[in-house]
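Each in structure tokens, the structures are laid out below.
Shared between the two complexes below is chain A, which has chain B as its partner in the first and chain C in the second.
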Partner chain A sequence: MSTYDKEHLQLRPTNRPPRPVNKKMRLKESGGLAAGLMLTPSLIFLCICSIYPFIWIFRYIGYNYNGFVARPVGFANFTRMFSDTTFWNSVVTTFEYAFWKLIIIIPLALIMAVLLNQKLRGSSFFRGAFFMPTVIATSISGMIFTFIFATQNGILNNILQTVGLMGTPINWLMDQGFAMEAVMILSVWAGFGNYMLYFVTGMTSISEDVYESSRIDGANAVQTFFKITLPMLSPVLKVVLMLAITGAFKDYEAIMVLTNGGPGSRTNVMFLYIFKLIFGTADNARMQIGYGALLSLMAAVIVGAVTIIYNLVAKRLDDVV
Partner chain B sequence: MAKNRAQIVYSPQQKTIRGLLWLLLVFMTLVVIFPVAYVILGSFKENQELLLGGSNVFPQKWIIQNYIDAWEQANFAVYTKNSLILSLGVMVLSLIISTMAGYVFSRKNFWGKEIIYGIFTAFMFINVGSVSLRPLYELAVGVNIHTSLWPVVLFSAGGGQATYIFLCRGYVNSVPRELDEAARIDGCTFFQTYYQIILPMLKPVLATIAILSFRQGWNEYIMPRVFTMTNDNLRPLTVGVNMLKNAGDGAAAWNIMFAGATIAIIPILVVFICFSRYFMGGLTAGAVKG
Partner chain C sequence: MKKSFSLLLALVMVLTAFGAVPALADKTVVNYWSNDRHDEVYMSAMIEKFNAAHDDIEIKMTIMTDDFENSILLAYQGGTAPDLVGQSIDVKNFADIGAVVDLRPYIEKDEEYQKVNEPFTHAFEGLNAIGSAIYWVPSGMRSGVRIEYNKALLAASGFDGIPDNLTDYIAMAQKITADGNGATYGIGFTSSSPFERQLEMMAQVSGVFYYDYVNGKFDFSGYKPFLEAGRQLVAVAYPDQQGVDNMRAQFAAGAFALWGNASQEAGVFTNQFPITDFEWGVSPVPSLDGEIKGALQTNPNKGYIMLSSSKNKDAAWEVIKYFQSEEFLKGYLEGGYTMPISSYMDGIIDKTKLGRMADFSLLDYESVYPTVPSINLTGDNYRTVLWNAIMGHVDIDAAIEDLNTRYNQCYDDDIMYGSVQRLVIKDYDPLHPSAGTAEYLNN
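On to the complex of A and B.
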């Protein structure tokens, strides 16, 4: 269910089809029943965990459903969606969040990957350290950062004050001006190691000879990066960017723990808003499942549209370069 | 490649630059490790010290009372047990399901194979978020298993299976078919070929799947949170710790929360340190490398 696990598959190129076997050489196909039985568990899981919920959503988009009673409301959910400013604000917040996250995380991951690629002493240790946050549960990292961002006794404020960078303590999580920054710090911390690793793997496949000849031609480090590393990495970069974009749009677990969308709805991204509609919040247990289902579809469409637009742009850039 | 590198001689200027870059990496590492170290070390502080704050990372006085309190008063023994059941359950199920399916997808040709495979792929891209937990929850209530951890284990394994099936299928594709044929000639049935010949050869990918699915189960948060809304005794660590935070007396229980968070991250960190190869390998296996 974790988005992270689903993500990295998209990188996989289409698998090599099974080798064609000469009909005459081939043994008689057998074990059809066994094969069917072996496939059954995963098919049952596919039906229950993926297909059934998907169909279920369509069943309820025209209903007002509070978890106990479902009442058909026709197109009321649709009209409500178009006039629901909270939802559209959460869409804007999602875009804002995704934009800033990508602007920070991709260059950071790229720079770190380039540094690691210099084969400095202890590179594999650094790589492991940068990757470490990605193995920790997002919910726990969210919690760790709540401690760090705490206003009075949080260590971040204390350090900033000790160093003298700041006079009065910042209320990171409750201040309209800082909540998004706090969420951003958490998501960059938790995620950049992932993308760094993709870049590092991509760079190891760039031939050493290319670097050597560029050195002989007298290219400096910056030139080498822009003229060799970046162009040769572009296929990887494109895939990683797509993963990062779809990933950023789907983030809400860490935000839920850190700010729960607050203050006000400053960090209320769309999937978090939907979660609250479907499962109720602590202070408002009223569930609006039918409406939430419709918004979920809308959110999926938005993410899909962004992915398609990105792919078109990436392709266009490909033709130009 | 490393050999080529070793031949390079650096000028003094380059050496300085490399030294500075190294320092930059050390600095970044400290920044990245800091939050985790802060919590782990903080879990040995007295609550008094935590609440006062200050920029001390190391405890003034080391105590383990927080762990004893968490274990005995705050139900952490139960949370830990649940986390273990959840992660091991997801791991075992994922291993069984995905290797069988991956093997069949790789070796068998049957009607509709491409379509089924396509559906698996499609549902990795379709993401409707948390809404799909609602029908699953109602289903669990319907068949009356919602008072156990079973639905969380099953649905988590079911939700993540596609990834592992793909990993497994890719790996089986690289195992020569001649092996299967030889086994068949020797009289193995289809299942025996899988179980006795192929499965032992899948060890690297089994390790990757085991570790990724263990982490998936251990770190699962939203689903167990929804499924254990009313039952504290079913909560895994991720949910249990966060419930303390929402409990209202937030500030008072900082020491318990620090200890709880540490209990939740130490096992996965140990697994990561021991098997980091598989974590990082699994991420990029057959992916960027092609």
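On to the complex of A and C.
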């Protein structure tokens, strides 16, 4: 024992009760004060930009409010909501859209991430190229794809006809049989680069030693992917899936530019309908902030419920695996 | 040197802060917000002229084309609203919260203004006037919808003009498409409110309107033959329905022969997408059977609204008087920025300067419809539903029944909750829709 330790042992009272720790001091010692101070600006902005607007809009759910005058209507908006077939159809459309988007975008992003993680020549270029759509404004992407999907002289139809995959041009945006596919192509193109980057980042955190061991043990590429990469990527995969689910349920901007919910109501997702209600349309239908707020709340409940179900399923799978 | 400059700068700042700069301090600034971009050059030049000639008032114009009404509302509620705004807002909403000033007292004192603008003749219930109050006076108007057509494509199929009835109009579109062999088409539609741009206006001149003014309810039943006609037209139309500008560009490129839109197309096809490869004509829209049984809707425009928050109301009125003076309006109308609405201005402008705008001159059956009550509608609006019926996405009878039920149910609910009043015009005349006496009922 060093001299220093001896001295301190002698000085330390052994039979006295522990000194009451001052709360302020504990906070200071644990770094809580600094953390609190650093969190304050974010909390203020969260309150101003997120919580306050939510409460502000929530108080109008029992009103007819056009931005000028709010008139109380009791539970009439609730009655309207339950009999609003356009809204419930849009909910069904949203589920369909989200299902197909997730089925396509997640495996695609994962496959591309695995391929681009092979440190092959040009992989940095493709990583940048695939991520590029994420930084393009949604409205611009929508406009670009309007031209791509044009029936007459549209690039996509021209390519498909040139390679002999079809005879007559497809009316992508006006045919109810193809509009959802067109919207899906745009949303996958715009979003998969982002998820791909998450996966690539997740893969870089997997130790090279693990891969080396698997190679020594004679594992092939497929076995390595399913036995090493996928299990070790599962924390990232879970987060990405949750982000993708909530994102897919909230998509509407690109759809608004590309099809505006049509043809008919084929691509009319719930947040597009809510947007039109809250901000009004030019055709003698006024801004409906109160009713729109109620539908927003219902939409939030739906998205929240889906996310909770996903988390429960993910947890169960964790326990099983 | 640097120190002297800093001192000078500080002095200027102090003087400015205390209002010691004479040129600014003595002038009353009238702020004007407009959402018109097309007339910016003329407006700016005339404002500059006014500011140079006046020591007491200075006009400051701000143009904002996006979210105009909402921006004004937010500024009004936040205490930063301008003195004057352009007329492109729903006056009734602003009147409900007392945000707009009744101009009648100012107008009644000014005979020159009355002579040039004929404000009492152009007071339209619900649009620029509510009861006896007049909130803005139009300087001009946008014409109702016309058919713009490609003369070369018509001639190639043996036509020299637009027929006056829908049956022949459909036959014309079908023949031009057939003759075009997939390269050119008879007619084109946009994805942006396509029903409004042709078929709804053909219904109007045939005496069909979606609001039954006499009984005070919505009625879409009369649209059935127009929806059936629409299906025939869509079947031979240019295959894509894109945004308005995209379709204008296609028309200008000669991709299809028939296009429907109002007088703004005069500027579009001479400046924005100038047509040089063929001659284009302008014609009234055909009616169902060739007979005109209803007025074609026209839109009064270029008015100025004074906000009640203005601290310089008298100065603001002086600015309105200037914007609607004979000198100002002559240049504005001859520049083709809008079409004359007052008979006085119509009589004194040099129409040879109007260019293609002259083709859109007012028809004797064009008029302003009383503003239909704006309701809290559940589901899609009538233009969307009717176009869906034309495209075959819903059955025509089912679409009409759905609209009749839904619109009237929402209307009744809104009346019950006090959001709106029932508009009834017992002496309504479809050929003179603004001539009747409006009544607002609470049941």
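As a convention for this text, the second predicted complex is superposed on the first by the 264 of 321 C-alpha atoms of A that agree within 3 Å, B and C clash if a C-alpha of one lies under 4 Å from a C-alpha of the other, contacts with A are read in each partner's own complex, and residues count from 1 in each chain.
Here is the rule we go by: contacts are C-beta pairs under 8 Å (C-beta built on N, C-alpha and C of every residue); 3 or more make two chains touch, one makes a residue touch a chain.
Every value quoted in this text rests on a predicted model; they were computed, and no experiment measured them.
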item	value
A:109 touches, of chain B and chain C: first, second, both or neither?	neither
Partner chain in contact with A:205 - chain B first, chain C second, else both or neither	first
Touched partner set for A:86, first chain B, second chain C, both or neither	second
Partner chain(s) touched by A:64 [first = chain B, second = chain C, both, neither]	second
Comparing the two partners chain B and chain C, which touches a greater set of residues in chain A	B
Which of chain B and chain C A:152 touches, first, second, both or neither	both
Partner chain in contact with A:173 - chain B first, chain C second, else both or neither	second
Which superposed partner A:293 touches (first chain B, second chain C, both, neither)	first
Partner chain(s) touched by A:245 [first = chain B, second = chain C, both, neither]	neither
Contacts of A:274 with chain B and chain C, given as first, second, both or neither	first
Overlap of chain C and chain B interfaces on chain A (superposed complexes)	146, 150, 152, 154, 282
For the chain A and chain B complex, residues of the former touching the latter	1-3, 5-6, 8-13, 15-16, 18-19, 21, 27, 29-32, 34-35, 38-39, 41-43, 45-46, 48-54, 56-57, 112, 115-116, 118-122, 125-133, 135-148, 150, 152-155, 157-159, 161-162, 189, 193-194, 197-198, 201-202, 204-205, 208, 212, 221, 236, 239, 246, 250, 252-253, 256-257, 271, 274-275, 278-279, 282, 289, 292-293, 296-297, 299-300, 303
Residue ranges of chain C in contact with chain A within the complex	70, 73, 93-94, 96-97, 191, 193, 196, 238-243, 246, 255, 372-384, 388, 391, 393-394, 413-414, 417-419
Touch list for chain A against partner chain C, complex	64, 66-69, 71-73, 76, 80, 83-86, 146, 150-152, 154, 169, 171, 173-174, 176, 260, 262-266, 281-286, 288, 291
Residues of chain B touching chain A in the complex	1-2, 4-5, 17-18, 21-22, 24-25, 28-29, 32-33, 35-36, 38-39, 42, 50-55, 57, 96-98, 100-101, 103-110, 116, 119-120, 123-136, 139, 154-163, 165-166, 169-170, 173, 177, 181, 184-185, 189-191, 193-194, 212, 215-216, 218-223, 226, 229, 238-239, 241-242, 245-246, 254, 257-258, 261, 264-265, 268-269, 271-273, 276, 279-280, 283-284, 286-290
